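Here's a structure for you.
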Amino acid sequence: MSFPLLTATVLAPAIGAVATAVVPSARRTLAKWVALAASVVTAVLAALVLIRFEPGGDRYQLTESHAWIPDFGVSYELGVDGIGVALVALTAVLVPFLIGAGWNDADPKEDETPAGRRWRPTQGFFALILMVEAMVVMSFVATDIFLFYIFFEAMLIPMYFLIGGFGDRAGENSESQQAKQRSYAAVKFLLYNLAGGLIMLAAIIGLYVATSDLPGGGTFSLQAITEARASGELTFAQNTERLLFLGFFIAFAIKAPLWPLHTWLPNAMGESTAPVAVLITAVVDKVGTFAMLRFCLGLFPEASAWATPVVIALALVSIVYGALLAIGQRDMKRLIAYASISHFGFIVLGIFAMTSQGQSGATLYMVNHGIATAALMLVAGFLISRRGSRLIADYGGVQKTAPILAGTFLIGGLATLSLPGTGPFISEFLVLVGTFTRYPVAGIIACAGIVLAALYVLILYQRTMTGPVRPELSRMPDLRPRELAVVAPLIALLIFLGVFPKPLTDIVEPSVQHTLSDVGESDPEPELEARR
Amino acid sequence: MNSWTHAQGVLETPQFEWVALSPTLIVVGAAVLGVLIEAFAPRRYRYGSQVVLAVLALAVAFAAVVGLAANGHAGAEAQIAGMGALAVDGPTLFLQGVLLLIGFVSVFLFAERRLEPAEHGRAVDSFAAQAAATPGGTAEKLAVRSGYTTTEIFPLMLFALGGMLLFPAANDLLILFIALEVLSLPLYLLCALARRRRLLSQEAAVKYFLLGAFASAFLLFGIALLYGYAGTLSYAGIADVISGAPSSQVDPGLAATMGNDAYLLIGGALVIMGLLFKVGAVPFHMWTPDVYQGAPTPVTGFMAAATKVAAFGALLRLLYVTLPGMRWDWEPVLWGVAIASMLAGAVIAITQTDVKRLLAYSSIAHAGFILAGVVAVSPEGVSSVLFYLAAYSFVTLGAFAVITLVRDGDGEATHLSKWAGLGRRSPLLAGVFALFLLAFAGIPLTSGFAGKFAVFRAAADSGAMPLVIVGVIASAIAAFFYVRVIVLMFFSEPQPGGPSVVVPSLMTTSMLGVSVVATVVLGVAPQYFLDLAGQAGVFVR
Amino acid sequence: MESLIGLLVAAPLLGAAVLLVGGRRLDRFGHWLATGLAALSFTFAAVLFFDMLGREGADRALSQHLYSWVPVADFQADIAFQLDQLSMTFVLLITSVGTLIHLYSIGYMEHDVRRRRFFAYLNLFLAAMLVLVLADNYLLLYVGWEGVGLASFLLIGFWQHKPSAATAAKKAFVVNRVGDIGLAIAIFLMFSTFGTFAFGPVLGSAEQASEGTLTAIGLMLLLAACGKSAQVPLQSWLGDAMEGPTPVSALIHAATMVTAGVYLVVRSGAIFDGAPDAQTVVVIVGAVTLLFGAIVGCAKDDIKKALAGSTMSQIGYMMLATGLGPIGYVFAIMHLVTHGFFKAGLFLGAGSVMHGMNDEVDMRRYGGLRKYMPVTFVTFGLGYLAIIGFPYLSGFFSKDEIIYAAFAKGGTEGWILGGVTLLGAALTAFYMTRIMLLTFFGEKRWQRDAEGNEPHPHESPKSMTIPMIVLAVGSVGAGFFFNLNHNFVDWLSPVVPTADGDSPISHGMVSVAATVLMLVGVGAAWLQYGRRPVPEVAPTGRWITRAARRDLLQDDFNHAAFVTPGNYLTRGLVYVDHKLVDGVVNGTAAMFGGLSGRLRKTQNGFARSYAASMFGGAAILIAVTLLMRAV
Amino acid sequence: MSPENYLHLSALLFTIGACGVLLRRNAIVVFMSIELMLNAANLALVTFSRMHGNLDGQIMAFFVMVVAAAEVVVGLAIIVMVYRSRHSASVDDASLMKL
């Protein structure tokens, strides 16, 4: 058999995490370099995956399959379709930048007590990031539902430590105060997602029972189940299917997050450091939307169709609600968080529009939103690290003292409001078109998001960057080379994806067609053809 | 008159399967030897010899179990031994194996002498110098100065273990009762032997003893009623009567009461209740927190792990061999108990402030989870419960072992507030404890998850989906307080006067290592052990 | 030849990229680079133009397909350009005026440290604007559409340290976005109707679509046009946009970008022809804006804002014309071009004045400047004559044609529209004369400012005057040339449908009426401002004047209607999210906590109560088992 | 007279014992009540044995007595120990651990 590329892509960061963790506490810088190296290796492997993947080939490629826990009907099955490839690439590309951006975020404070001699925050920070990367990649490439679930759940733990353990340097309010808020955010994150995960566990067990009359007993193999369903060999009772769908969907809707299950996100993103915040919204949350696309639609087509109206309504609420709340925020990280909620609304909308434009758009949206938010959030992080405050009101006139920072911030913002020429525009437009062709009203309502996005981004930019320079900012340094090196490539990527997205769409679109055929939907005919 | 004539018949000498019963015999034998050592060996040799004896005995016994299993006693060769009194089959051997392992590592906990600060230059363990001496009295000081140590703990523990080994093997009500007492009485004593906080320890002992005796009285009365119903004490016999085919040797003429369902139902209920008490299920759980808190931590660990295993073994056999005929009568009850245990355990634990009490409530919740597997009357149910017990017991032992290491001025610092910032002081230990907590919470890639999944799946398979739902909710609630402890350890600033972590001897370290390995292996690659439990899933009749 | 089209766009785009990425080291010659690239783009345009003249009317159109952009199933968007006469007209206007204004800015922005960025943004604007007019499908047009919006945002807010500028920039972008939604929805409709959104197929098969669809698309396109071209009701941003440097106002907010709406409607003529209702709405919007802008223009004392009002009103003319259908299209474009010349000239003149007056914008502080800056005076004057429609200057031809077309609409509407357009002509004459008089005539009214330094009005440097002269020439001659044996009509007719309506009154009559009304306007203005000295502080006029000074209360309306409720809404939602949505979550946790607190009380430490619970438990067990059997 | 009455008696004794456990404070008395319950069970066992006409019940009863004896040893030891350290045999006094 061929070289297990996917396994390697998962193992690289995992091994890197261990290696980073064991670096002695004094050799902090070494740990950082080890982590960076590991993430770069991962990126290279991901690039190989991207190359080896043939668009329009088999649905799942680079597959691997080994028995794991036959007793549970669980096997170690990996494979990627176009959607998976795109997201693996996104993850692998982002993480090195996150590590670069967080280079000094986890250095122990000067007043670190000798009691914490064995306490090695730096090593821990980077090890945890790599651990999360490994688990996320695994959940993107797992084609066994149980395997997916395990990592879907397990990734909460390192995330939890990242959120709770590392925050911004003390700002306006005291260290202990911040620590309290942090651990509140972390606990909220963990319990919220754990609850969702446990609901999904019930559904998974239910799925096992439902499939247990297949030849060879219950199974969790995605392909096996979809094939069995296609061949009519396996049929779910209507209620069973709907309940199972709900069990899965709620878990994913929490992760995504979809209104009204979103309230953990602003806390989590607000309290954690910028790179971690990006990790949450740009990488981890994508697992939720990805899973909706792959599992909810793939396993429960009828139920998906049944739930579509409600889901679309929720998505619309998320879009508008998130945007409005973003406008109302005083804390720039929370603002970005609510903006993300709005964007996840678009993604879910695109997925459940059940058109090739909508779903391709949603997939592109996941990628683009990841990069755009990363750019915006990381620059915001650099800004915060200079002033030690997340409050928008504490800034003003930055563009005078730090033009490059302001410029990159603006570009990130413009990408976030999906300006043509940047990647997000294409994905957002595709989602909207795809939605409109099937649900015109929904499409039009979603357009409100376009204007609101302009509002929250530009308000943020105006309040922080323009106007007279605030005295306390008068000596603020501009972007340092490291920081620029982190942001510039992201911006370049954004523009490239905006100008020439074809490679991506070519990879994604066939897989979307597969998904659509699972659901048994096809794009609505143009009015004129329909009339002919 | 007739019955007397029966008695006049020649009593044929009982034939006895020494090999099949060797594990129990070895352990009990070793216990007796231990008593002799206590009686005759000079004080300074006792500790060493007791430890060696116990370790050897357990090792040999475990080897015996393995041998028996290898000879197919777990499957095809399964047999009823001791004139129908004992069953040597899959579940028995599996649980005996688990119990012996638990005992094996517990010995290390018991024998640990590095934790307590040395008294008068002598290293001491965490047990009272002289149980009889009043706390703080002159006698105690004297005992301490002259370096007495209660080495009786080893024989006591072996006796208890002997009873536990019998418990799941018990194939008639008499043995069930005997085994119950044999395992309980030494535990009562062990609970009273703490070196620090002796008042609490003694109080724990009293409560445990009184309630335990109370429970066993119920059990006994239940036994009486069942006997009254079936006219026999053997499981198989009772099962026959229930299924309407009474074994021949009862004279129908006199069997006026035979088959009177009231006896059966009440008796069955009482016996089940007696076992649920040992398991620590709601509403028979109230002794657990107090006893867990008061008893010396090594004993708590041993008790929490082993008692549950043994008691569930006995419960399984009783329900699967004796009462399957009346499944429809006891299933609803157990449903209720399971649900109540899961929810009550999880909810009450939220507001606990003492680590040991916290674990006590978590153990109650887990009893509920396991019961969910018990009510799934199917081989999967059995094997899932067996697997869960194996997984759970090691996590429990590990957790309590960690607790023994976190100490301050007056012994173990079990109050949660003192654990704040432990992760900063000694990340490794805190990490290990966090791992155990996550396993309790049933996070994937830990043994806890595999067990929970197995149990819930079995339950769902037998149509108990509601139980699974409740279980899931309970797990969510439970996660809340496990996470709380982790937050405390890692995310809150260390207190100035906080506890310190003592570096234990190789014994505790290795036993911690074993627990960690077990937790991870059973979580990541459970297949082999699932197979074991799967093969062991069938009861002999 | 086709390949030149791409280069047309590429040149300024390259400039923008280089200047932005290049950093400080380009400060010295960056502006020359930008200007050079603009000029290069203009030369390409010229080459293409003459090449086009070399071919027959029908096959003059060129197209260049660069690459497939977003292919997803039926949704096939390409990066492809199309250069027909209509686009050509715009390309020439944009590149020529653009180049001139680049040149002008070199002088105007001389003392600004961030001049390099300014030129980068200007180049960016050129590129985007060219994409807008060259695109061969609506999606690519949309890119240009928002691209110019971005450029306008950057340039309006160029002096970001001024909060007013930053606010104005944001306002412009957001209001434009509202319009953009229209364009987006229009594209959705096209895609779901025709399965494509490329000009050719859509416009080609327009008449097959139902009228309802076409009306919907038309209205959406109109919404977009309103946003970009500052037509009522989305006009509010243009006045504030004057916060930007004057060259920007000249290029973007007078000559080119704001006219994109007109281009869009004309380009989509086929759709509007199939949707009369939509056309009616277009006409109404045009007419209203025409008067609206004119009235505002009459009241403003800020020279740039007055000119902005005028711009609005002139675009109103064009909109109205486009709404009239084939009769009007050509003349809308013609007026657009001439207006491009003279309005740009006027703004540059205004800029030159401000340049000489320490950036003073209040016309009541000017006066008698003709002595100090003759060149500015002459060029501005020519522009002035052109716009008020002085016979045989540019405005005269284009405007009269529109008025004629308006009458030609026929029936009462015809009379109403004709009346409106004529009234507009009078107002135009009035406000322009007012500006002229306040600025260049009368005695000097400026005095020392806060720092106490008195302005020394002086003529501007060559780099500024030359463009003004060139534009002045354009504004004088363009109209005449266009009208010379129907040059312009013949030029556009292959691509833009034309028609000759029969109007109740003849061309001659229209010209006479227009001229007379023009003179009336001039006279009125002279009576007001020429005859007697001008008060240095504006008198509180009648209600109409006060309202006009406040842009006819448009901002007040927007605030009352959208901003204030919006603020309340967001604040309310923040509260709801925190208290309600999140409250449920925290509430659940608290609930379990409380429950736990109550339950643990049962663990009261008394062995006997434990025993009691066991006893009760046993009782329940027995009871339940018995019951189970009973039932 | 029919053996059922013995059963009724044993049930009565058992209940009395249980009530004793629940109502009395003195650990010794509580313990005695438990012994009473055990013996009630014994009575039931022998009665059944008589009714069934086989000896299992009687054998069981003997075992129970032995076990009870062992229990007494352990139990009294503990109770006495507690008494010595607290100077009180009241069950309710031993309630340091709660909640």
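To keep things simple, chains are lettered A, B, C and D as they appear, and every chain counts its residues starting from 1.
Note that in this section a residue touches a chain if its C-beta (ideal position, glycine included) is under 8 Å from a C-beta of that chain, and two chains touch if they have at least 3 such contacts.
Quick caveat: nothing in here was measured; it's all calculated off a predicted structure.
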Problem set entry | Chain at the geometric heart of the assembly (C-alpha centres) | A
Exercise. Comparing centres built from CA atoms, which chain ends up most distant from chain B?
Worked result: C
Problem set entry | Pair exhibiting more inter-chain C-beta contacts, B-D or C-D | B-D
For this session: Would you kindly tell me how far, in whole Å, the mean C-alpha position of chain D lies from that of chain A?
Result: 65
Seminar exercise, completed: Whole-Å distance, C-alpha centre of chain B to that of chain D, is 24
Seminar exercise, completed: Per the C-alpha means, the centres of chain C and chain D lie apart by a whole-Å value of 97
Seminar exercise, completed: Per the C-alpha means, the centres of chain A and chain B lie apart by a whole-Å value of 45
For this session: Indicate the residues of chain A shared as contacts by at least two other chains.
Result: 191
Problem set entry | Two or more partner chains touched - positions in chain D | 18, 21, 30, 91, 94-98
Seminar exercise, completed: Among all residues of chain B, those touching at least two other chains are 206-207, 210, 214, 218, 289-290, 480
Exercise. Quick one: which chain pairs are touching?
Worked result: A-B, A-C, B-C, B-D, C-D
For this session: Over in the complex, which chain D residues touch chain B? Could you list them?
Result: 7, 10, 14, 17-18, 21, 27, 30-31, 34, 37-38, 40-42, 44-45, 47-57, 59-60, 63-64, 67, 70-71, 74-75, 77-79, 81-82, 84-86, 91, 94-98
Exercise. Which of the residues in chain B come into contact with chain D in the complex?
Worked result: 2-3, 6-7, 131-132, 134-135, 173-174, 177-178, 181, 185, 188-189, 192, 198-200, 202-207, 209-210, 213-214, 217-218, 220-221, 223-225, 227-228, 231-233, 249-251, 254-258, 289-290, 293-294
Problem set entry | Of chain A, residues touching chain B in the complex | 68-72, 113, 115-116, 118-120, 149-151, 153-154, 156-157, 160-161, 164-165, 176, 179, 182-183, 186-187, 190-191, 194-195, 198-199, 201-202, 205-206, 208-209, 212
Exercise. Which residues of chain A touch chain C in the complex?
Worked result: 188, 191-192, 259-260, 262-264, 321, 324-325, 327-329, 356-357, 360-361, 397, 399-400, 407, 414, 419-421, 425-426, 429-430, 432-433, 436-437, 440, 443-444, 447, 450-451, 454-455, 458-459, 462, 465-469, 500-502, 505-506, 509, 513, 523-529
For this session: In the complex, go through chain C and note every residue touching chain B.
Result: 589, 592-593, 595-597, 599-600, 602-603, 605, 607, 609-611, 613-614, 616-618, 620-622, 624-626, 628-629
